[in-house]
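Chain naming follows the written order as A, B, C and D, and within any one chain the residues start at number 1.
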């Protein structure tokens, strides 16, 4: 099982803060996961493609900033969020 | 009357923190004052020339940094001291 | 770095308590630089976009538990590799914060002031652009918007790349 | 600059009290940078000259009443011309100060952190090289010597000449 987190404006727009998913073996990169998430969720409310495919959305894999081409495993912690604005 | 102050190592070496002096009209620059001070004091203990003619000694006239060529008047506040080291 | 304290917390902090703790027992601290970030009344983003001034009533701070702490550790370690530091304290509050409340504290002690100043500014610049925090500002008319990342913060962070040798 | 406090005093100061006063009643402070200088145990000048370390037991701080205050006012005004500042506090202690005691405090508040950080560092650099204070260090064996002005302080001050436009 992989855990997927959504933060800040991404979380608000998706209406979800986290979910746990079984990743099929072909879902082995962040990009493939994004496609899977869009496919699964957009059946219902049709907003995910617009949110996750925005160029400003960032991804972390196991709490390190990653690329959309980065590899992922079924045990990973993956998070999507906008650019950080702390301090 | 002019007031002459001595600070820090200059004060310690001269053994004097301040004095009030009547300046003759020909003593119209810091340099001339230095010569007058050396002449007056070195009659007694002979240390002033070495202290006041050190290149690192600074002078202030009326609480602003001045040069040895700066003009002075008989009502001025004049101070001699080493480079500052606060903070 | 002799000690590193990182705290992400809802409750307020005391600048004096942090400074006192950094000074305790140590006789070689010559310099202590601190930075405190506070919630400002004026919203500069809305200010840029519109001609009138918009006041904010509060900020909401969100973070990514685990990743944020990791980010801050890495930032402090990087600062320690660049300068000779004694103690580093980084405190960042989360949750709802009202106008003029404290948001963030960075304290750095060192033997010399150059290291303390530079490391404190460095940590703030990197915290702004590399640590997993997000800020939502709530206006007096109860509309809210997520604060956008500022270009000036990214530029401030990039500048440090030019000066990487240890000092 | 909304307010300027300059104090030359024998008694200790409280960082928290100064920060609290700077924050009171004002809702547009986004950034508060502080610097505190403390008496270090190790004497770096003797350290440079000899191979062994020499510990100091106390410092004696002397100033030129009237001129020192004037110097500090000029330094704060110059900082205010370079950056948009809110409050500036400069406190410098005089007299006998033991190891780990506070010597100097500079606090600067502003809307933005760049101004607060830069002005705080600027004031410290100029205070070190332009304000009429002199420091004598007393060692454990009760010998004392007047601290010499450091070249690095003069260089730090000169650097600011390159960046004179208001930011």
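The working rule: a residue touches a chain if its C-beta (ideal position, glycine included) is under 8 Å from a C-beta of that chain, and two chains touch if they have at least 3 such contacts.
It should be emphasised that the depicted structure is a prediction, and the values quoted were computed from it without experimental measurement.
Chemist: What is the touch distance from subunit A to subunit C, in steps?
Modeler: 1
Chemist: Quick one: how many steps at least from subunit B to subunit C, stepping chain to touching chain?
Modeler: The fewest steps needed to get from subunit B to subunit C is 2.
Chemist: Could you give the separation in Å between the centres of subunit C and subunit D, each centre being the mean of its C-alpha atoms?
Modeler: One centre to the other, that is 23 Å.
Chemist: Please tell me the distance, in whole Å, between the geometric centres of subunit A and subunit B computed from their C-alpha atoms.
Modeler: 75
Chemist: Taking the mean of the CA coordinates per chain, how far is subunit A from subunit D in Å?
Modeler: The separation of the two C-alpha centroids amounts to 49 Å.
Chemist: Counting in whole Å, what is the centre-to-centre distance of subunit B and subunit D, each centre being its mean C-alpha position?
Modeler: Taking the average C-alpha coordinate of subunit B and of subunit D, the gap between them is 27 Å.
Chemist: At which residue positions does subunit D touch at least two other chains?
Modeler: In subunit D, residues 37, 113, 124 touch at least two other chains, as defined above.
Chemist: Which subunit A residues reach two or more other chains?
Modeler: Within subunit A, residues 87 contact more than one other chain.
Chemist: Could you list each pair of chains that touch one another?
Modeler: Here the touching pairs of chains are A-C, B-D, C-D.
Chemist: Quick one: which bits of subunit D touch subunit B in the complex? Just the residue numbers, please.
Modeler: 37, 61-64, 66-68, 70, 92, 103-104, 124, 127-136, 146-150
Chemist: Okay, in this complex, where on subunit B does subunit D touch?
Modeler: 5, 7-9, 12, 60, 63-64, 79, 81-87
Chemist: Going by the contact rule set out above, which residues of subunit D touch subunit C in the complex?
Modeler: Contacts found on subunit D: 14-17, 19, 23, 26-42, 44, 99-100, 111, 113-114, 116-117, 120-121, 124, 152, 156.
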